[in-house]
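Input: a single structure, listed below in structure tokens.
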Amino acid sequence: MANENAPVKAKKVRKVKGRVEIDIQKCKGCELCTVVCKENTLTLSKEINNKGYRYIVSVNDDCTGCINCALVCPDAVIKVYRTTLRKKELIAEISNVSSSVSIKIENPVVEDLKNMEYM
Amino acid sequence: MKEETIINKDISEENITAQQECIEDEWEVVYERPYTLIDTHMHYCPGCAHSVIHKLISEVIQEMDIQDKVVGVAPVGCAVFAYDYLDFDMQEAAHGRATAVATGIKRILPYRYVFTYQGDGDLAAIGTAETIHTMNRGENILIVFVNNAVYGMTSGQMAPTTLPGMKTTTSPYGRDVHTMGYPLKMANLVSQLPGAFYVTRQAVNTPLNVRKAKKALQNAFKYQQLAKGTCFVEFVGNCPSNWKMTPIEANEFVAKEMIKEFPLGDLKVPSSEDLKFLEVEEGVV
Amino acid sequence: MENEEIRLMKGNEALAEAAIQAKCDAYFGYPITPQSEVLEYLSLQMPKRGGIVLQAESEVAAINMIYGAAGAGGRVMTTSSSPGISLMQEGISYIASAQLPCLLVNVNRGGPGLGTIQPSQGDYFQATKGGGHGDYHLIVLAPASVQEMADFVFLGFELADKYRNPVMILSDGAIGQMMEKVKFPKRDVQKISKPWATTGKTEHRQRNIITSLFIQPEKMEKVNIQLVEKYKKVTENEIRYEEIQTKDAEYLLVAYGLSARISHKTLQLARAKGLKVGLLRPITLYPYPYEAINKIADHLKGILTVELNAGQMVEDVRLGVNGKVPVQYYGRMGGIIPGPDEILENLESFISKVK
């Protein structure tokens, strides 16, 4: 559906999307998850938790729900969600309603408070 | 780069919110912390393999639904407080004697899953006799051995599994094999005993190794139903604090040096004949 | 096996037979002279009559198997002799701290060190004053005959379950090896329920933890206070002793176990000579019958303890008497057993010294 008003894709097309929730009070900032995350979604925050550890935060939307981080996490602080394939078809359905629909896109940035809800 | 576009009047707000709702509904949980791992702060250092292994044991027991049939034996060492983190009936054993304690429990309660959880001092130094004799008798228990080449809890002394040349507080010039002996390869030693049923060496330093390790633990717990001998799962673990490394460096050390000295893999597997009567369940790794 | 019939048995065998009749769930032991017969008898009988018997790789392993099995709710026992009991001390301290019930038997042999296989009473301090580290006590029973070797097994299990404490039968090489008449009357053996045991955490309860580790000092003190309260109750309720001709006695012999039997003969010889001698035989060495001795001391001129050691129980007698009358000890060591005449001689010289 080539259309000059079609949504600009700032990132790759994903079949499946993932999302992590991190128990920041139990996180010890060991960073083992950051090494195994292929999408560079995880990094240390600038804040510290009650125990004085810098905790892990999710900094982009690229998570695929592969659970690599949860597997290696020593303290089991990561809860991983994943969408299913059906979602892609659903979007296609709605998109087909009108080809002139466009959506306002903003580049994802760390300072964007919307990302904080993932914690 | 921001792009502003006009939203076509034909499309109402409802359709766009409907799209959002569809996305929300489709999230499923693919990983969460097991409830058999008590929801509390664990005292282990950041990056410690003990915590990962505790997590795996909790997951396996939860998935097998045997929480009410498990009795664990905690060691003396960093994992001495294992019973504060694992929600099972547990006993605290004297240093090195966990396999003897487990023998006592299993003889009294033969229809319970009994496992010990021991470090290198507990199992391979003071407890060597108990380890070998328990396996020689083929006691139907699971021995979980966490090998991180140092004595962690007492702040980093040499262990029977310390690598040659490795510096610890009691081998400050590096382990000299001529005066201090060689690293003991416990899994190799015990795999030779006829009473051993399943002996394997695993690691938890990468996601792939974690998956394999969990499979090994699943098998080890399942095999206890057969009452055909001892299962022994050695974990090549880490000790970031006493190795004086960050957790990431410590896991790299495991990959490069530890696994070279203690290669991973199955050292003794039961034959298909042995596994004939095992209940096969739809398990998920 | 259970009837009024009189049987002729060795002390060790009678003990083992009593264990089976008392419905012992498991026995973990290691051979050592002079008590290997217990392990052998049970290895023969338990597979036929019920119960688990296992020869462990050492006494250290055996006592830790006892710990695990007791923590899992079993009625368990082990036997050994002096050097083996020394090996078990760590485990015994752990068992006492975790408050687990079990029965221990020390068939005392000559020491210290590897010593000799002949009988001795040199482990009195080890049994009653500690042995293992920390503030704890064993309930100690001292049999003086083969019949008591059997009876005290039933009593020992009962006391262990009642107080959640390890109980020790302090025997010796002679009583373990001698053959005497023994009866096993029919008994109604009751086992109590143990909701604290590690049998598997069901959804109806919290997980049970058996441990002797209490890292916070506040918690450790609480546990120690619990133990102290327990031992107070034991002392109030469980003191046992035997008095022979003490009512009109001027001199008292105090002895337990084998030396009590010999002292009894000495008493008879002394009375025949006109000496007013009595005998007090403590049956529980912990709790010790301090008050009973103190009361008798009101009309005594002197007390002589007879022991097969360098003088251990005499200290408890001095403690109980608190200076009222002179107390002396007589004994032989190294496995030598004094005859009644020898003791009488010594008693007479003690009497003349006191006068």
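Going in written order, the chains are labelled A, B and C, and every chain counts its residues from 1.
What we mean here is this: a contact is a pair of C-beta atoms (placed from the backbone, for glycine too) under 8 Å apart; a residue touches a chain by one contact, two chains touch by 3 or more.
Bear in mind the structure is a predicted one, so any value in this text is a computation, not a measurement.
Comparing the CA-atom centres of all chains against that of chain B, the greatest distance is found for C. Closest to the middle of the protein, by Cα centroid, lies chain B. Inter-chain centre distance (chain B to chain C, centres taken as mean C-alpha positions): 44 Å. With each centre defined as the average position of its C-alpha atoms, the distance from chain A to chain C rounds to 69 Å.
Centre-to-centre spacing of chain A and chain B amounts to 29 Å, using the average Cα coordinate of each chain. Taken together, the chain A residues at the contact with chain B in this complex read 5, 8, 17-19, 23, 25-26, 28-32, 35-36, 51, 53, 65, 67-68, 70-84, 86-87, 90-91, 94, 97-98, 100-107. Contact residues on chain C toward chain B in their complex (touch as defined above): 25-26, 28, 52, 54, 56-58, 60-62, 64-74, 76, 90-91, 94, 98, 198-203, 207-213.
Taken together, the chain B residues at the contact with chain A in this complex read 1-8, 10-11, 15-16, 18-19, 22-23, 26-34, 37, 41-42, 44-52, 55, 204-207, 210-211, 240, 246-248, 251. On the chain B side of its complex with chain C, the touching residues are 67-71, 73-74, 80, 83, 87-94, 97, 100-105, 107-109, 112, 129-130, 133.
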